[in-house]
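The letters A, B, C and D name the chains in turn, as written, and every chain counts its residues from 1.
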Amino acid sequence: MIKVGIVGSSGYVAGELIRCLVHHPNVELDFLYSHSNAGKSVSDIHKDLIEFSELKFTEIINPLADIIFLCTGHGNSSKFLSENKLSDNTKIIDLSNDFRVNNDKFVYGLVEHNRELIKKSNYVANPGCFATAIQLGLIPLASINSLNEDVHINAITGSTGAGQSLSETSHFTWRNNNISVYKAFQHQHIPEIKQTIQSLQNDFNSELNLIPVRGNFTRGIFTTIYTKSSLSETEIVDLYNDYYKEEPFVFISKNQIDLKQVVNTNNCIIQVQRIDDKVLVTSIIDNLLKGAAGSAIQNMNLMFGLEEATGLKYKGSYH
Amino acid sequence: MIKVGIVGSSGYVAGELIRCLVHHPNVELDFLYSHSNAGKSVSDIHKDLIEFSELKFTEIINPLADIIFLCTGHGNSSKFLSENKLSDNTKIIDLSNDFRVNNDKFVYGLVEHNRELIKKSNYVANPGCFATAIQLGLIPLASINSLNEDVHINAITGSTGAGQSLSETSHFTWRNNNISVYKAFQHQHIPEIKQTIQSLQNDFNSELNLIPVRGNFTRGIFTTIYTKSSLSETEIVDLYNDYYKEEPFVFISKNQIDLKQVVNTNNCIIQVQRIDDKVLVTSIIDNLLKGAAGSAIQNMNLMFGLEEATGLKYKGSYH
Amino acid sequence: MIKVGIVGSSGYVAGELIRCLVHHPNVELDFLYSHSNAGKSVSDIHKDLIEFSELKFTEIINPLADIIFLCTGHGNSSKFLSENKLSDNTKIIDLSNDFRVNNDKFVYGLVEHNRELIKKSNYVANPGCFATAIQLGLIPLASINSLNEDVHINAITGSTGAGQSLSETSHFTWRNNNISVYKAFQHQHIPEIKQTIQSLQNDFNSELNLIPVRGNFTRGIFTTIYTKSSLSETEIVDLYNDYYKEEPFVFISKNQIDLKQVVNTNNCIIQVQRIDDKVLVTSIIDNLLKGAAGSAIQNMNLMFGLEEATGLKYKGSYH
Amino acid sequence: MIKVGIVGSSGYVAGELIRCLVHHPNVELDFLYSHSNAGKSVSDIHKDLIEFSELKFTEIINPLADIIFLCTGHGNSSKFLSENKLSDNTKIIDLSNDFRVNNDKFVYGLVEHNRELIKKSNYVANPGCFATAIQLGLIPLASINSLNEDVHINAITGSTGAGQSLSETSHFTWRNNNISVYKAFQHQHIPEIKQTIQSLQNDFNSELNLIPVRGNFTRGIFTTIYTKSSLSETEIVDLYNDYYKEEPFVFISKNQIDLKQVVNTNNCIIQVQRIDDKVLVTSIIDNLLKGAAGSAIQNMNLMFGLEEATGLKYKGSYH
């Protein structure tokens, strides 16, 4: 059994990790570190986990755990690693954006792009949620050097993406039935997307125009991506089908897709269409699973030589 | 023009009051007191009021205003009045629960019950939102001494009822698609309901069993009320139709009702049915209007001798 | 492997059954009968099941299947059985209300009440969704003959309970942010609840007052139940803890509960409190799982001698 | 008093028109034609209008009405006019898309663009809802010939935009918490937008790329629009402020905007920003008011020489 520790265990992503890992056949939860909730039962915070009320948050970190997931928030992972000495054998998957770009120690954990590197790595930087949906929508085109025009992206996210801290834009009265934009063209996930695209298509220097939108739902990211292209409909559809044909969690749909098709699953579903002179890619994920905890476990499975989909085939919650 | 001041101007109820009063033909907004937002534009906080951006919050209270609405929250109204000397001619409508029960100075402002007293009063305690929906559902029966069995009430409220402060149960991620109960049998509005019923039916001593429910919507209160009764269907329907036939804001529906019929209106819609040995009353209001700001303005209109419905016939927002 | 057939495969409950059964370790889907969708891929209708697009709806029923789930809607199950000759060895679980009350052939499939009978039965009538939440809230009290006063029940249900047919009350524009009541005191699940209670407490003849409420969410049933009782808080809590201590899917919570704690799980969570002279029981389930497909599989597991929880421990979708 | 008739009175837009017109000081409802609901009370269909239950739907059209609003759906207005002979003095406002583009008889009713023409016209084609939000976001740039690069538009709409007919994508269970795209790059409102832009900037021949999105809310349209531009931030902001400074219903916000700021109002709020080499315009309206019934009344006011904002200043429903 793999001994797993989680740091920052009381947040949404950590909650989802725990929810996933309690059913993972090769995992034993070793410690769930939470400074603010030490001593409490996990089900006091993640209240659906009532069946696992014997699990407690601790203030103790086992530096000999086989793997530690860092869910401490952006900027805090580097701080944590500088303040805590871990065993050389302890693998790390970091879910913040501290180590995603231009990092020598951490491999960027987009499985569909870096699978072989991840298998050999002890340190993985888990991709951002928007970045995952967008990259899976773009890398087939980049792989044949076909991203030669500006790319236009609109991405609508559920509220869990903003975490559990209380703020005006997370207040139910404000957000219910509301829509708004934030960080237009300037979201922090753009650099990691560019890094991946340029690793496939070295000469990529078009614009990645990203408009992030706050949606009035809790789970999921719905992304539309378009760019001008000279590829035919058949070429594009074949490209995507071929690129992802062996992937356990990426599916190409022939039909219109809607966000709830991926909710509570680790799947990414993509639809590609050619309309006029443009390619339109629609890409959907569950931000807490494929966009965070699910892909982190997918990375863990690879790092420990397990079958990649182990423990990750969840019953969805379509309705 | 009636010079109106509002104390505690940045909360939801005050926002709704301002939204109503800017269109009231007999009112001039004299001051909008808000300690924390003094100097800001009203539209910085109540963001839909962009057309009225010249209105500012102040830290100054005009003790000579014709009327002051107190929206400061429970316990703070008494404090405010003890610390601020107002003119003897200044009328007061308090929207907290400080003066609703057993109070000599303030008249209880349920218009449909105390209209004549309110007309002659300078100090009115505006009813609670649950209390309004429930009392309007019960007072016809009390008026003929027919509340002789225990009363069973379930009331589902929108999130605006809990105000704009941030809390776990007001977090979008938590509340969206969620339902929960609070203060079962012990809600603070029960005493004011009892007081009104007993003023009509002196010997009332049955139980008022109230289960308040947090709904996953923002506006409105949906209440079901039932009790055993020997009255026939016709007697009951006639009673309610007759009791409210002159009321400008209470309507008896022959059909099933749904909450959105009253959203963004000052109306209360009631359906009464006899089923088996019970009377079932369904009563709906918009908690921010008939349950707070709307009834406060209805009270103001009466206190100043205006036609009662002045400025209160809003276009609803059914969809 | 158990060969499973489903009749009426395109509805919500059937969709949920398929979603569950594709991951069940002892099951093989033998046929998915749907007259209207024969020939189509399952994922054309249950669109999240894109991974299982090779599964097709058929117009052929295999009368030799090991077990058939009937998801054909109320009244249609009897019709189906009279028109189709099945093997004597084929077990049946019916999800309609055709065989729940006073039936000699079908055992009533409330596992927590009839476990031993179900194990020996070939024909099981799966309980109604409201009935499940309410019975699990009441049977501990009935088991000690303590239901001696009228029982007051309010149950708020998600829209999936009304199925996928289009109607005014299932229209998004109508139902979003809306609340309404239907079939007050007259819901069709009351007889099956009474039947179970009377099998435990023969002399039960109090009223079961049930107000069903349409909630503005898709999944789950939130039920409050109260009745007068002379039992102490400790007696009540001990009773429930003891009654359900071996149950794999029923949990007693010490804290306030909220609906989403059970969404996408087969769990029922119950909170019991004594307040004044009353017992208040809050009981929550996911109507599509514990209220339908999940309990049907729980029944199947028992009927085939499998460990009862096999394939039923799902990752919840709390947020 | 203006005698108003409505054809197609039972739909959402007609309901909103009635809701608005019952409070309009210069209007008398002459007839409400609805073939399918003739004889019924208006409040049987538009259920919030319980106060106006004496209003009935009729099967009779008064050809002498001062003005008739056609709410019959796309394609049906031409049919209606060919089958019904109206008085030459009867004005018409058509809310379908039958007469919006290249029409000699009907003036295109975008008030902010065609005010003077509308004042002199008897026949007005009311703009589409998407078209209104987008045009108000673009015409200031077109007015100075500054739309010289492709325009990228994402527009999220509430469910009322799809009308009250029942369909899979209007089913609550499907749409709640869901997001989807439809008619990408091919929405029927694009031609009317182009027509207006080209009337201001004759040489406009860039692409208008519109992605329409189905949102999980009922009211409102949230639009982001961007294009490359060499104008400075100050030039852009001044342009928009200046362009709309006399408009009663268009407001330029200095701050981030969110959809609910315009819900239940006839306002359009616009934010303009320069980010990198692009102009980003965010434009929001209530699709039933500024996007349909509200602008229709604004047109009517102009056509009858009334003050333009008469009867159109509604209390919003921000929360």
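A few comments on the model shown:
Please note the rule applied: a residue touches a chain if its C-beta (ideal position, glycine included) is under 8 Å from a C-beta of that chain, and two chains touch if they have at least 3 such contacts.
Computed from a prediction, not measured in an experiment: that's the story for all the values here.
In this assembly, B is the chain whose CA centroid lies farthest from the centroid of chain A.
C-beta contact counts were set side by side for C-D and A-D; A-D has more.
Between chain C and chain D the centroid-to-centroid distance comes to 46 Å (mean Cα coordinates, whole Å). Between the CA-based centres of chain A and chain C the separation comes to 34 Å, rounded to the whole angstrom.
Each chain gets a centre from the mean of its Cα atoms; for chain A and chain D, those two points are 39 Å apart.
Annotation for chain B: residues 12, 160, 173-174, 176-177, 216-219, 257-258, 260, 263, 319 touch two or more other chains. For chain B in complex with chain A, the residues that touch the partner chain are 12, 159-160, 164, 166-168, 170-177, 216-218.
Contacts from chain D toward chain B in the complex involve residues 12, 15-16, 19-20, 23, 44, 46-51, 160, 176-177, 218-219, 251, 253, 255, 257-258, 260-265, 267, 269, 288, 313-319. Note for the complex: chain C touches chain B at residues 152, 154, 156, 173-174, 177-182, 184-186, 209, 211, 213, 215-220, 222, 224, 226, 256-260, 263, 273, 275-276, 278, 280, 282, 319.
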